[in-house]
């Protein structure tokens, strides 16, 4: 796999579309055990990110990601703003100067994203947050690469791991974020942030596949 | 007709009962075009008056009426408190020292009551207030006495005139009191104060009749 | 009826106890009467200001007892005028050698009860004058009715009359200034929801989910009309057109503005309304000298608000700026 | 949704305009940011206090910008933490040579956004410290969760930190006193009705006609439990038992009390609640030094209230009594 700047942009625009499509759904998930703004806030953030990108002549993939991160930080607010913002900014930092990335670069980016999220939010797996989707995806991506899988299959395994992680958030009680006030009463509800993380990872897989398959 | 202090007290207690019985009804009439407290307020006032009378060794009918008037003034509030309070106080003033009253005395009392109400409230007939019940009653009482009717018949004619006056308030728009804010929209609704005035006059007729008939 | 109360019959008494517990530095309560008076009353050499009315309009009027505003506030039952004996007791307790001024809102009940109290106090040799506030432009054709109602503009009357009295002015001087405020203030309100008088236990009127009542009175008296909910800007435009249609405001005139919440309307919405009020005034070249946004004269938990505009001259400006220290209104 | 607004997406911006129109003598707004700062900021020689959070809690926090309280208040979208760039901008604008103290309510979003802003300001060489307010005793077992929420007790934090900063104290001194207030304040609330976030257009939860939620958070976060509506005295007894179970109060201790309305609850009910709070404290021999009754940290038009109790020592008493002159809280 090799993605250039333009292809990276295409993926980000697509993520923006997906978030828009799922705005209501994410908001409803958040309403059940949080404050019902996750979809609204993310959509505001990605709209700002896309607008910014469309009006910027980006040099490299690092800069692209940092622009997205900063747009999210300054437009989302709440908990997910700093978290996703940090994730994109950190993954961008690791790609400064790069105009092409391969699957190993992507692994590095996801690794930096998760580290940023965990540093900022201090959550670990099992606390019913986006970490429950991203960390399994990262691990699975590593396994797949190590096992010699191609980029598309590796991404597919990663996003499937994210999906399982997302489903797993239903089974557990929240100990981080707003849902933690509900304690045991949060069990049975799927975490909104884990869901948006899965949506993003799934979208990346789909778009990379399309791109590599020449669609 | 001749009523002594004890019989006067009996009539007042009976008025208290009647107001209590009609509390809800009066309140509903007031709610439609006023603020829905006429029954509540009057009941509070008459309960206070009756309690005060039960704990006082009254000397004469003037004092009795003044006690009622003062209890109404200090316990009813709103528009009807000063109006009914003044009415009772004024009629009491005219009977100071009297331990027996006849139908001419009663006419004098009602005359003073109405004068007091009109002085205080500055309403005339046709403004959709208690004056619309009391003034016709007073006039009819005078006519009946002049025409030589006995006390019971005279009181009956008076309370029937009050009833017509009360019904008449349905036909007209309020230009005094809280209902006046509704203007034309108050037409079709019966005035609460005219209704309580009729209830009081009707009760007086019934009780005088009972007393004179030895019931 | 969802209310944080104990006994609907005792809400006023219990509220009084809660006010005195909260503000002992400002007020004391007269025994046996629902009357709050200034801690240090009577204030010698100062005309005493006495106001009051039915309860349910808090912070009116008890919240305005204190330095630079009222000397006594008399509280009736919810939405019911207080009785003359309580008003009389208030006057007796706070009147100084300079006498007392009664500030009455124009409702038949209030006017009659205060009038009787005035007569009682005068029989005691106390000098008493009274003024009647009638700022609500929703009620028209005053020659045919009892005239305009007194609503939130009354708070401006308390503020300025209080400041004047604090200067040691004589009763007729205080009355003159107070009447100037009354002549210069206009208000109008609107409601989105009714409220529930505790003793009644049910709403005093109903409005559909998309309906509002324009010109609503503070006891739920009907306004000028009902219509479907509009935007904040449209509502403000209508209320302002009624207010400005009734008071002569020219370019460079100074005004004080009050955006008064009726009980359940968030401050956020009051500020959104104020934004438009300010814009309308500025467009006309009228200068906004001071603005008050908050709850000053409420109707229990009614949703809605009123706008009051007070035209100012130099005398009124100075008095509006004078120090006031009361639980509900402070000017430093 | 019955609201006096124009466009649900623009409520915060329009509110900001309405606030600035109302209080030009107190605040100005930073261009492009929903940030209100003191008219005369930065105040040299004074630690700058910066707070903020989601909108919908008015008068928090913009109403507390002014002498003796905050230097800047950052407003996020309704019930959503503001973003780091806005907070950073606020700090940059108000920080003096003495630095800035961020007063953060303990919500994941607020903490993270303020933290990022702090890092950004520090990169500019600005001295910044932060404190986290967590007064809500409804949330327990803090080791397992994100800890207690910050609610109305935050207003005491603003007041006392502001008074300390006004003395010209150094940043660490101001921080020490602020942390003492946080350690000494406890709150708990309850709700009778939900509220509607304008952008959502529907209530954030539902309660039956006879139901209340005890321990409700100010964004409609669930409390400890739901039950049938009880009397004011019973509700207060429960809230006070939770509060007093968490803070050590002895005879002759002094406290400040805040009875905070959530938006739609009439002052009458708040005073009825205060009556019982006062009685409970006095029965224990605790002295009520000062009481605040009103709306300080609301949840739009939610009905309900919270109680905050702040334990005072001589230092805190003096700072509580110090002059404050802000739109929403004045101490003379």
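Per-chain residue numbering starts at 1, and chain names A, B, C and D are given in the order in which the chains are listed.
Convention: contacts are C-beta pairs under 8 Å (C-beta built on N, C-alpha and C of every residue); 3 or more make two chains touch, one makes a residue touch a chain.
Just so we're clear, the structure is a prediction, and the values are computed from it rather than from any experiment.
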- Supply the minimal count of touching-chain steps required to go from subunit A to subunit C. 2
- Message: Let me check something: if the centre of a chain is the mean of its CA atoms, which chain is farthest from subunit D?
- Response: B
- Distance between chain centroids, defined by C-alpha means - subunit B, subunit C (Å): 33
- Message: How many angstrom lie between the centres of subunit B and subunit D, each centre taken as the mean Cα position?
- Response: 56
- Note on the structure: Note: subunit D sits from subunit C at a C-alpha centroid distance in Å of 29
- Query: Taking each residue of subunit A in turn, which ones touch at least two of the other chains?
  - Reply: none
- Query: Looking only at which chains touch which, which shape fits best: line, ring, star, complete or other?
  - Reply: line
- Query: Where do chains touch, given as pairs?
  - Reply: A-D, B-C, C-D
- Touching residues on subunit B, where the partner in the complex is subunit C: 27, 31, 35-37, 40-41, 44, 73-83, 85-86, 120-121, 175-178, 180-183, 185
- Note on the structure: Residue positions on subunit D within touch of subunit C in the complex are 2-7, 11, 14-19, 21-23, 55-56, 58-59, 63, 192-193, 209-210, 212, 229, 231-233, 235, 257, 259, 263-275, 278-279, 288, 291-295, 298, 300-301, 303-305, 323, 325, 327-328, 330, 332
- Message: Per the contact definition, I'd like the list of subunit D residues that touch subunit A in the complex.
- Response: 54, 76-77, 79-86, 107-109, 112-113, 115-116, 139, 141, 144-146, 149, 197, 199-200, 204, 217, 219-222
